[in-house]
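There are two complexes below, and they share subunit A, which is joined by subunit B in the first and by subunit C in the second.
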Partner chain A sequence: MAMLDIKDLTIEYPDRHGVFQATKNVNLTVNRGEILGIVGESGAGKSTIGNAVMGLLQSPGRIGQGEVYLDETRLDTLPFEDMRKLRGKKIAMIFQDPMTSLNPLETVESQLVETIELHLKLGSAGARARAVSLLDQVGIPDPEQRISQYPHEFSGGMRQRVVIALALAAEPDVIIADEPTTALDVSIQAQILDLIRDLCREKNVGMILVTHDMGVISQTADRVAVMYRGKLVEIGDTKQITQNPQHEYTKALISAVPPSNMRIDRFQHVGFGKEGGGLKEFDLNNHWLGQGRSDEKGDAAILQIKDLNKVFKSTSGFLGSKGVETHAVRDVSFEVSTGQTFGIVGESGSGKSTIARLITGIHKPTSGQVVFEGLDLLARPKSRQDLLTKRQIQMIFQDPYSSLNPRMRVENIVAEPIIVNNLAGSRAEAISIARDLLQLVELDDTAGRRFPHAFSGGQRQRISIARALASRPRFLICDEPTSALDVSIQAQILNLLKDLQARLNLTLLFISHDLPVMRQMCDQIAVMRYGEIVETGDAEGIFVAPQHSYTQDLISLMPKFERLG
Partner chain B sequence: MFRFVGDPIENMLGQERTDADVERLRDQLGLDDPFLLQYWNFLADAVQGNLGISFRQGRPVVEVLIERLPATLELAFISALFAILFGVLLGVYTAIRSKGWLTNLILTVSLVGVSLPTFLIGILLIYLFAVELGWLPSFGRGDTVQIGWWTTGLLTISGLKAIILPAITLGLYQMTLIMRLVRSEMSEVLNSDYIRFARARGLSERTINFKHALKNTLVPVITITGLQLGSIIAFAIVTETVFQWPGVGLLFIDSVQFVDIPVMAAYLMFISVMFVAINLIVDILYVIVDPRLRIEGAN
Partner chain C sequence: MDTLKQFLASDFFYSFRRTPVAVVSFCIAVILILSAVLAPVIAPYNPFDPATLNLMNGFSKPMEPNAFTGETFLLGTDDQGRDVFSTILYGMRVSLFVGFAAVLLALVLGVTLGLTAAMAGGRTDAIIMRIADIQLSFPAILIAMLIFGIAKGITPPDMRNQMAIWVLILSIGLSDWVQFARVVRGAAMVERQKEYVEAAQLIGRGPFTVAFKHILPNVVASVLVIATISLALAIIAEATLSFLGVGAPPTQPSLGTLIRIGQGFLFSGEWWILFFPATTLLLLALSVNLLGDWLRNTLNPNMD
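Presenting the complex of A and B:
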């Protein structure tokens, strides 16, 4: 018999309109030493299952139907206090964001010892000794010293190790890991996944690994359950699910994952009951969008960056203590050719987003040159023509939820740059152009009259793209444009960007931490670390034969999701 | 500018005065000097600890203030204690039991505390407890005990009875404010990841609420509360007037009526010093509670 047995589980959230079922009749089992991956997009109900097993459903959620067994014990009907005693002792949980899952005001020691003393009768000296050995097991160097530190003295990856140590504190039988590596950089992610896998084998612990990332699943899990809108659509061995999916949704999901081993032209089957369609046909020769646009292509550099530097100074403290200087961008030079996609890849803190902000003028560089179409962007614009040139650079931001004004109608958001820049004859014309732009990014006719909150994340990102296009740009900066989105939506947005680039002869500067996405999108790639470019080159070249050791590490550590043929 | 507040000489000398008396006194007090010279003399004396002589009482201002100070500080201390104790307790209760009839009752009543002006609360309390029920005195400080230069009312029964109503009047507004602040901060903390993670480790609700959540709640609460304590001393003017409490606030109001400029200036300076001192203490407390700031400072 399986160790953890979830039978026919239905979780309900009653609200004013009735009862919303977050999961419907889900059956899952986990054995000792086995890692079961649950994969699905946002809203699929995958996290809810973990919370239900822990007895920690957020109010007003409740188990409507079904049973949960751990060995012989039925969990879902246990009284609250009995369930509390099992939490941490029999079933433990690892959360997504290590930055927020530890109490910032207590030392790591106090949090570990507290948990150990609660579940194991070891005495305070025994508990401390166990705490030190746990930190050692999860790979924290110098555990004797570091145990007395506060969470903020640990880096993100180290904090997640502390969280794992806390989860292991009382030798649980099952660990539920909810997106344990989503908030981490690629190299750290690989280490944490290795650690999780080894610990499960070594301690014979069963694990439910909840994630949206197919790459993580395919490398870590033994079996995979695929969820879609609260239903379990397919479950099977990892190899079978990733190589030979049976259900239509699984097929669509897998085809939307950017493969790490090859470049594909477009993502296929991205519309499983979701938004999307073809680009609306416009005759660009007659349409407003086509005016003032050149079709030149080739090697001519549209953007040149020379010896760019940016130093951030933290303000000096009380009693004249010296402020700390951070060299965010150091001697960066590169050129972007017209009509191409130039990618900047790097881990968090590498300075890649700072470059986007320097180009768009959000920050002023400390030194260096930014030349766009022969115009020095750092100099004060001398003529109206200079301003027009500057406006041909537009930006798409990472978070589609905070980058749109919630109190403006979508068509006004999109029309605003047209009106402000006097690009149309009248307000009415600007609005009608905005509607055309919304159709160009595949939103329906009524979209313009609504407010941003009526749209999903992917649709909002489309609105952001339409707004960027409203200045008739030639150069688009995309700063992590899809990292807040589900894979199928990501595939649609990436397809859209590729189509728009081809039709409007756009040049893209594409910034991301996601190597497989970069491989699909970019012609040229620059790899950044600690503010410096360590390697620049042809995209396929970077992936096939990386030169710099850091690039080699990044590429060997990225979660591999390979596609055959 | 003295012309705007009236001539103190008018009040100091009675009806039976001669022009020569007026001139003599004016010269003696330096009131006929040019404004800048007067200001310079004031500053020079002030840095030496001499804040001048009260026009009304004819005694050094420092002496008058020190005599009145214990009454105000005791009142402020007791009402701050009341505000913090009940504010935090009720705030935590309403955050933990976020849905319940008692919570709703507390929140509704707290609205009254926020919206009623201090003097009205004072008068209502006097009417209820002093006039109708006769339990507590309606004015004054009761019997006091002298300890060195400090007079305290906290050691006698009548002194303790006398401080209850003014302390509640003065602290009620701060209490409701602290309560609402604690409640909103705590509800936010209770929804944070580390509290969810603490639950997932099987910690008891009591440990979670009082060890993990409360301490995190207090970090922002300390700032606001510290600032509020400063205003408790400043707001004491109104309460002291309503209850005829013999503190510096009442002294200030009397001085305004009498155009006793040295006392007014000294009082305002005293309030500023209190604000600065309290802010300093708050900043130090902050560092004690929050380890993240300790490291910043060490660098």
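Presenting the complex of A and C:
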């Protein structure tokens, strides 16, 4: 018999509209020394299972049906007091964000010793000795000294190691790790995953690893359970699931992961749980969207950036006391050719989003030149034509939840650019064009009458794209357009962007930190660090033969989910 | 019809239905406001028509026939023989009118200044908010009395009684805008960071349209909460000023004026002249306040 046995588990959240089932009849087992990965997209119910095992379901959530056994003990019917004694001792948890899961006011020592003394009767000297040895085991150098430090004195990765030490403190049988590396940088992610895997083997602990990331699963788990909308759709050995998935959803999920080792033309098999209905047949030449557009192709640079600099000054106080200067963008120059996709890649704080906002005019550059179709964007526009040219640059934003005004109907959001810029004869015509655009981005006919809150993240991103198209743009800036989306939705949005680019001869400036995504989208790539471009070049060239040492580091650390064919 | 159906099905209405305090205070507030609005229809007497007054009816006890005239008054009469029930209805009209008008003034002023401060930033923001800070460092009632005094000084003496109500509205409104300005500024600064504002700028919307068409609708919820709580405060402020004798004149008494008049009789045994207006004021302020609390919890669960 397995150590942790979850039988027919149904978790319910009753609300005034009825009962929502977060998981439906889920059966899972975990053995000693085994890592069971639970993978799925947001809302699949994967975290809920972990919480139910811990007895930590948020009210009004409850176990509607099913049983949870840890060895011989039935957990789901255990009284609260007994369950409390088991937590930490038999079942421990590793949370996503090490910034918030440690108490910032207490030293690491007192947090570890508290847990150890609570569960193991060791005495204070013994507890301290065990705490030091735990820190040593999770790979914290110099544990004798570091144990008396506060959490803020540790880096993010080291803090997550402390959290793991805390989870191990009372020698639990099962550890539930909920997205343990999602908040960490990619390079640290790999180290933490190695540590987790080694410790499970060594201490013969069973683990449930909850994550949305196929890469994490394929590197760490022994077996994988795939969840979709509360149901367990497939379970099996990691190798079998990632190489030879059986269920349609698993296939769709895996084919949606951007491969790191090659460029594919389109993401295939994204049909499962698809939000749009396929690009509508549209006679662009006779439609509003196709008018006033030149079909010139070629290598002519549509956008030229020369020696761009931006210094942010933070001023504070009534009299403007002397502030700190931050050089966010330093001597950046590049050119983007018509119809191409130019990528800017870099870690957070590298200045890539600032460049987008310097081009759109949200920020004013300190010095430099931005020329779009021969028009100097930094000069005051001389005519209406200049203004319209400027508005041919549009943007798709990172956060689909804040990029749409929640108080406006979707068709009004999409029609606004047409109305503001007098691009249509009347308001009614503008609304009807807006409805066409919504169809073009694969939303259904009734979408326009609803408000943004009625849509999912991916659908909102489609609305955002439709709004950008309503300015009849020639140049689209995509600032991390898919980083807030699930991987299958990401694949759909990336496909949509590629289709629109081909049909409308759009030029894209694609900003992202995600290298596999960049590889799928970009023709040219610029790599940024600390506000400077360290390397620019052909996209495949950057991936195959990076020149600069920083680019080499980035490429070697990127999460590898390689596809064979 | 559809909008009504949508409203009845909304989470907002559901939360209302499930909160007894909200339902009860809503009912009380509606009854009080309606009876004030309909005072000329409901009130058995017009207390300000000297022709209907009979001094012989003075000091009638509630629900007891008057010793001289044999007339019975629901809540008794005051020294002049005025029906207390009728004076309360008419007094509430004055109190509510002053309250609503003052809140409206404070709202328009505060929302405009708060939005301007949030959008303009820099020096404009600093100046507006420092004025607000300075005003907040004095008790609101003192500010209101100051404005009241100045306004009274510059109005011609024969206009004073007619102008008194408007001066009252002005002084309470001007002392109360700070709440609106602070809340709107804070909320607008949060909204301004959101990407839909950037998108609106990108398609060519000017700063004015962005502020009033895009940002304002998204801070309305907090404005509504502040407005409700301010209404209760404005009614109390008006009553306080009138109680101190610097508010509504005796020819147009508000609840505060009635309480001032009534307290003179408390120790001589005519308790009802004070008790009923005071209870009405309490019910009015309490129901509006509780309604405001519920609104705040429902619309804005993150506000402290």
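Going forward, the second predicted complex is superposed on the first by the 472 of 565 C-alpha atoms of A that agree within 3 Å, B and C clash if a C-alpha of one lies under 4 Å from a C-alpha of the other, contacts with A are read in each partner's own complex, and residues count from 1 in each chain.
The definition used in the following text is that a residue touches a chain if its C-beta (ideal position, glycine included) is under 8 Å from a C-beta of that chain, and two chains touch if they have at least 3 such contacts.
These numbers were taken from a predicted model, which means no experiment stands behind them.
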Subunit C versus subunit B, contacts on subunit A by residue:
B
If you stack the two complexes on chain A, which partner ends up touching A:Asp399: first (subunit B), second (subunit C), both, or neither?
second
After superposition on the shared chain, which partner residues are touched by A:Arg462: those of subunit B (first), subunit C (second), both, or neither?
neither
For A:Arg146, select first, second, both or neither according to whether it touches subunit B, subunit C, the two together, or no partner.
neither
State whether A:Lys89 touches subunit B only (first), subunit C only (second), both chains, or neither.
first
In the overlay, answer first, second, both or neither for which of subunit B and subunit C A:Arg391 touches.
second
Once the shared chain is lined up, is A:Lys46 touching subunit B (first), subunit C (second), both, or neither of them?
neither
Taking the superposition as given, does A:Pro417 touch the first partner, subunit B, the second, subunit C, both, or neither?
second
From the superposed pair, tell me which subunit A residues show up as contacts to subunit B and also as contacts to subunit C.
none
Flag every residue of subunit A that touches subunit C in the complex, lowest number first.
16, 318, 357, 360, 362, 387, 391, 393-395, 397-399, 402-408, 416-417, 420-421, 464, 467, 470-471
Give the list of subunit B residues in touch with subunit A in this complex.
192-194, 196-204, 207, 211-212, 215-216, 219, 289-292, 295-297, 299
Residues of subunit C touching subunit A in their complex?
14, 126, 130, 194-196, 198-205, 214, 217-218
Where on subunit A does subunit B make contact in their complex?
54, 56, 84-89, 92-93, 95, 97, 100-107, 114-115, 118-119, 150, 152-153, 163, 166-167, 169-170, 317, 321, 324
